[in-house]
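Multiple structures follow.
Note that subunit A is present in both complexes that follow, paired respectively with subunit B and with subunit C.
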Partner chain A sequence: MSTTNELDTVVLAEDLDSPKRAGAFRRLLRNPLGIGALITLTAIIVLGQSAPLFGVHEPAFSSLDAVNAPIGTPEYLLGGDQYGRDILARLLFSINVSLISGAIGAGVSIVIGTVFGLIAGYIGRTTDAVTSWVFNLLMTFPALVLVLVLYPVTGGSYQIMMVIFGIFLAPGTYRLVRNMVVGVRSELYVDAARVAGLSNRRILSRHILFVVRGPIIISVAFLASSAIGIQAGLAFLGLGSTLVPSFGSMTGDAFANIYLHPEQLVWPSLLLALLTGSVILLGNAYRDALAGPQTPVRRKRTAPPLARREGASSAEATTPTAALLSVRNLRVRYPQADGGEKYVVDGVSLDVAPGEVVGLVGESGSGKTQTAFSILGLLPPEAGVEADVLSLAGESLLGVSPKEMRRLRGGVVAYIPQEPMSNLDPSYTVGNQLVEGLLSSMSRREAKRTVLELLERVGIRDPDRVFASYPHQISGGMAQRVLIAGAVASRPKLLIADEPTTALDVTVQAEILDLLRSLQNEFGMGVLMVTHNFGVVADLCDRVVVMRDGRAVETGAVRDIFHHPSEEYTRELVGAILDEETVRTDPAPAPGAPSAKEATR
Partner chain B sequence: MNALLEISDLRLHYPRVGLRATPPDVLRGVSLQIAAGETLGLVGESGSGKTTLGRAVLGLAEPSAGTILFDGADITHLSAKRRRPLAKDIQVIFQDPYSSLNPAMQIADILAEPLVAQGATAADARGSVRSLLDKVGLPADAARRYPREFSGGQRQRVAIARSLALQPRLIVCDEPVSALDLTTQARVLDLLVDIQRETGVAYLFITHDLQVVRHVSHRIAVMYQGELVETGSAAEVTSSPQNEYTRSLLLASPTADPDRQRERRELRNALRANATDLVAQSR
Partner chain C sequence: MITYILRRLGAGLVLVFIVTAITFFLVHAAGVPVANNLAGPQATAEQIAAINAKLGLDRPVLEQYVTWISGFFTGDLGRSYFSSEPVVDAMASRLPVTLSVVVFAMIITLVISVVLGVAAAARRGPLDVVIQTIATISNVFPGIILGIVLVFIFAITLRLVPAVGYTPPTESVPKWLASIVLPAVVLSIGGIASLSAQIRGSMIDELGKDYIRTLRSRGVSERSILLRHALRNASGPAFTTFSLLFISLFGAALFVEKIFALPGYGTFGFTATVQGDLPIMLGLTLFAVCLVVVVNLLVDLVSGWLNPKARVS
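Presenting the complex of A and B:
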């Protein structure tokens, strides 16, 4: 299992222990920004809805007595504008106009974009090509200009203008939804649903829409605020019925009056800013809530350097002088959600002699990858690592600086990962990546020659072509050879291989194992082979360390482990190996004639 | 002939992209049969087309030529609507138990879904969830939990339970244990064999692991570059393979015994040296 998987199991265990995880909405409420935006938005909506209850004037009612009335005039709390209309009344009634604009603009865009995005993304092929083309075309229209041009058609109704504007916002939503659906469509559970006989409509609504809903909700906030802004802008320019009060027309009026009564501009601008601001911040907070930590926030802290434990018994601490790698009582702990700590590696001791291949065997979650990574110094910062002895080629790794550790990783110890493909950067050529690692010690020309030699050494028939290839142009087996070449480039004394063949076919696996064996013989490297495959152990390893739940259960020579395991757990593991002699012999319980079966091909 | 599934001369290539030439066939004339209650192990390396064959049987990939008969009826090119009732007979277990279960759904909903889709009432479907969980050895309280709360082996049990919900006659198992630990692998394989004995379901068991296929298969078909190179009983194919490729595949698979593995390695190297010699001579 890869590291990420093992780390996952750690988190998973936390989930099981902690009470039901808070939903996204609850986490939104815990975010100060989120709750603030939500309260502001709710207050504005309530104000708008209850406008008639405030006993203010009709928004269009104008009185000569109130022309430019100052703030605090009876019945005109915020004063009157240059036409003698009640500013407070107009303000309150404008809220609804803005909200309706936002709802129409965002609603039209979301409905059109989501429906077509789902269909195009799910069906694909021609449907996708045609719809995408239409939406791209729509995107090239200047929406604002078109809304202006169509003004005679819309007759100044802001609702119709927002419908048109919503249509022009739809391509953004369409692209978002379509791209997410294309990603989800190839998930196996969608295939499983299809095999289970679900109708397309049901798959779309139950499986696909459910997964992509988060980003859609977030985009609603941005669409709504942009619709509100556009509506205000159009009204500011004087487009739209003068009878309908809105923030835009109010700022327009106040703008004309700015030298006499600049304070009239404050109210509509302030409320408009509050409204769009709170909508956007709410969207942001929701996005954070969706992406945020699933468990309560961990205390942030830097990795403590490897610590020698006090009071280690001298017998335990004695290092066999011959050992290349020596580990005594290694412990790796992670802070837990409840504030406690969990040891994922708990007192592991092992040795690797020069030229020896040691297998580190265990099931996923047994801590074998964590053990390997703590030797490499590659654990995440929140991991706490301590040991009585952790020494490599005579140098203690306890308390070394990250810089020193980097030097060791480049020279003394090298690493081969499980997933060759994800360990190569797709945007650089293979050769580029290999040369990079050697530049500290030689010229570019020399490095290139060395890399080409190495590629040939690891069994690549056409080193020049592979050197110039990008990672996606080579197969998984080839990629693993490339990584092996990179690992042995510095002639390391210790090679740590984490499930190096798990992602590969048996035939390729056999070749990679052959390669590792011959390189190990040639360079006399010590190898720590992390694996769960006993075939690989039997093929390469001299000694085996069996791990379970963070402890080394049994250590022994490879033949002893296979033939005379002394621990119950090792016996169980060895017993689970599907042996070669057993072939299924019970006949198929078919009522028909079994002889018919042999007639194939 | 009373084969449950009969595939004849199946060919398939993926759709052409743009103006490029027609891509090569992924399946190049595959014929095989599976009887009711039988397990056919389909072995091959990645890229050999074994998964594509499974997907063609499931209607997830469109064959370009050849026929697939299920219980005598042609199911090669069914419309989505006509394929839906077939869900009662043909089901699937995928390799990756992490992405084959919708993370947002409770186990009970995942298991009830196929039943509801085939017209059962929600109450009936919920009722059968418990017996399904029981059948695959999961506790009843698993029903109200989410996939992320389970380990890989337990998730795979959920996937098996889902495939059994409609009591199908054929299950396509696409590398169902490849992502699992060794001990979990053995338990899941035993479960699959037990279920087969109990229900008489047939398996098309796709895998790259010969050890695994040997344990569950009555017959084994070996696939190489879109063609079947050898088909026979499990004992025949694994003990006296006729085909060169099958032999190399058997020798490539490492055995869990240091001494026997050394022998095997030497045999394999000899075989390879032989092959290179032959190539050299023929030049």
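Presenting the complex of A and C:
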């Protein structure tokens, strides 16, 4: 017994582009399941239309001689039922009842849902609110209870029952159409049509209906099969005229006879399942055809995300360095839609010494964030990571187990994200999620005390209140302080900061940079600072690695890079700092000496 | 908060009024010959008139509705035309059967959907195929066919459970479970198809979000990421789907009860609707409306509680 709300999950998930539709029908025909369903459905429809031509008995004609006649009896090819009626005849004449039921149920739902969906989605405001309220209510109603209760109203006509049921199916279509119209309404071409003086009715029917027709066609399959199933169920219960043969009433009759002649159940069940099955599979095939040919590629399993060594490594590369972080020839690749692979990081090498701040600079898409995530082991599963050397605090990260990597993330290496608000779990308080990261190494009470101390240390004035706050109750700058506290809570040796100030207000940016500098001094952490901003580099970093198109194009001390960039690209990046004043020429403050600005927030 | 709940219940009352009125007048307009059904084919005109007078069917339709709705406010829903049993008693005595089946089906649906949905989101691959297969089966085979197939396999061929009938839990709990397990399984398949796909989808959305990566960067275990964080945030939409399923299962239960000859609302409502037993039909309608009002209210309250933003403000 399918429910109307399944429609949304089935259909809304598809992102449909109208140009794809041209080849959709042809793709449908190339799908074996689609063509099979189409042939089955056509065959059933033809059988149903030509039922009178088969020379079988009247479906309601009963003969005492044919009671429970076995299969193959002359004139009763599939035998007779317990009332002596010709099973084959009833089967053939049932087809049209099911087809009409499906057509009425789906038709009523589509017409009502589309008309109101177009109106509500296009006009919006109160109209939208009122119709949406009504349809939501209609959707929650147990349709079958009301169809049953309203049975006397139908006078036994299955067609009227299907009209009533179609009304209860309408909310699915309504929501589908309304949501799509709301999405399309603000598109430029609709605006253009409006400016060109087209009437609302014309815009709705010409432009908007065109876009929503794909999903509607798909939903017809689900609506029709749902209506066919419900009609069968109602007839199975014995609702409806006994004169009308249908799969449901045949199944019901045979079910009463199940101990004597279970084989009589097979025919109506089989044909009913074939009918709804071919409708559904045809709908599925059409949906897949619309979704385009690239779908199967996504299923491919790719290499595990673990870093692994590939190729012979040179003696120079394997020599352990004094570096906290050592990366040699790092490559990160992603599978492409066409089945090939693309390297987004291709041969990056860099080192971070203990207590050193290294900037990783480049424009968007240069691979700097991918480099950072591959050190943290936080790339998505489809990414493949390779390197000659990838070691952190003397431990190689190549081929390390997920459990071991988790231990390193909880203690040795930490991460500060770019966008503070989206990086806190909205369902838990700030304190709750910060404490969780510490529980592997200390008790809950100890963890809470540590977190409160840290919240104060990162410049939050009322740590107790923030500790008990949900993320939506604090400001972006505050959230970034919280995330910094979360990152340094485990006293990491290496801090990886991914554009930690980009999403913040300019005034807050400076405060956060000051905070990072003072924490770095206090804890003596190595920092890998991912940024596109040379101002930040100048402010904070000792050395800098410039990335472009997945490669490290230049590496050196900050001062050298600023004054004598050897690459044209670096020159351009440096030149992108409009305010030359931000380039500091004085030496970095001595470790342990907090800067004057940091004392207060 | 209390005013909010009262306002919602007040709106629910208006809905009761509208829906029962529509049912009442539509069924009246259909003109089911109740008195003829009661008196039998040989009844004289006087006998029929006497029955109509006794049931109050000779009075104006509007007056009959006013009588019914005022009875509703005093907790009296009238008596069945046919058995003379008070509607409230008749419904109360059959509710446990329907509720057993529906609640059992919902438990099966919830447990399997959460396990399948979470596992499929975490692992992808073969489990996705399992979910899609369940969805296709539930779409392809109408519920009655699934029911019949299960009865045939488990009750008639294997004789593991009784094919039909109901044993109350007060009599024997194992027999009670045996009598509702097949109907509950039939009912739950459609629900598992939609709920597991819903949970899988929301879980995949949540697992792709930034805060999950940040939690991972603090060394939080994968188990906690999945169950404590991602599932918690995915539970809002899943809960709405679950509640819609709960309501729709009461409708589907009517059919399934008939297949398994369970003496719940299915058989009861079916007989009433064929005979034109209006008080019983109104009772069922009222039950459906109340179910919708109460479940929708609970959904909104629980969703508000699940979402800290809505909870605090």
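FYI, the second predicted complex is superposed on the first by the 332 of 601 C-alpha atoms of A that agree within 3 Å, B and C clash if a C-alpha of one lies under 4 Å from a C-alpha of the other, contacts with A are read in each partner's own complex, and residues count from 1 in each chain.
Simple rule for what comes next: a contact is a pair of C-beta atoms (placed from the backbone, for glycine too) under 8 Å apart; a residue touches a chain by one contact, two chains touch by 3 or more.
Note that the structure is predicted; figures quoted are calculated from it, not measured.
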First, second, both or neither for A:229, with subunit B first and subunit C second: second
Touched partner set for A:505, first subunit B, second subunit C, both or neither: first
Contacts of A:72 with subunit B and subunit C, given as first, second, both or neither: neither
Partner chain in contact with A:210 - subunit B first, subunit C second, else both or neither: first
Which of subunit B and subunit C A:470 touches, first, second, both or neither: second
Touched partner set for A:340, first subunit B, second subunit C, both or neither: neither
Contacts of A:276 with subunit B and subunit C, given as first, second, both or neither: second
Partner chain(s) touched by A:137 [first = subunit B, second = subunit C, both, neither]: second
Subunit B/subunit C common contact set on subunit A: 9
Footprint of subunit A on subunit B - complex, ascending: 1-3, 15, 31-33, 35-39, 45-46, 58-60, 80, 83-88, 90-92, 94-96, 99-102, 104-105, 113-114, 117-118, 148-149, 151-152, 159, 162, 165-166, 181-186, 189, 193, 196-197, 200, 202, 208-212, 214-219, 221, 228, 231-235, 238-239, 248-249, 251-261, 265, 268-269
In the complex with subunit B, residue positions of subunit A that touch it: 9, 12, 15-16, 125, 187-189, 191-200, 202, 206-207, 210-211, 363-364, 476, 505-510, 513-514, 532-539, 558-559, 562, 572-574, 576-580, 582-594, 596-601
Of all residues in subunit A, those that touch subunit C in their complex: 1-6, 9, 13, 137, 139-155, 222, 225, 228-230, 232-233, 236-239, 248, 251, 255, 258-259, 262, 265, 269, 272-273, 276-277, 280-281, 284, 301, 373, 376, 378, 380, 402, 406-411, 414-415, 417, 419, 422-428, 433, 436-437, 440, 470, 472-473, 483, 486-487, 489-490
Residues on subunit C engaged by subunit A in the complex (per definition of touch): 15, 23, 26-27, 29-30, 32, 125, 136, 138-145, 148-149, 151-152, 156, 187, 190, 193-194, 197-198, 201, 208-211, 213-222, 224, 228-229, 232-233, 241, 244-245, 247-248, 250-252, 254-256, 258-259, 269-270, 273-274, 276, 281, 284-285, 287-288, 291-292, 295-296, 306-309, 312
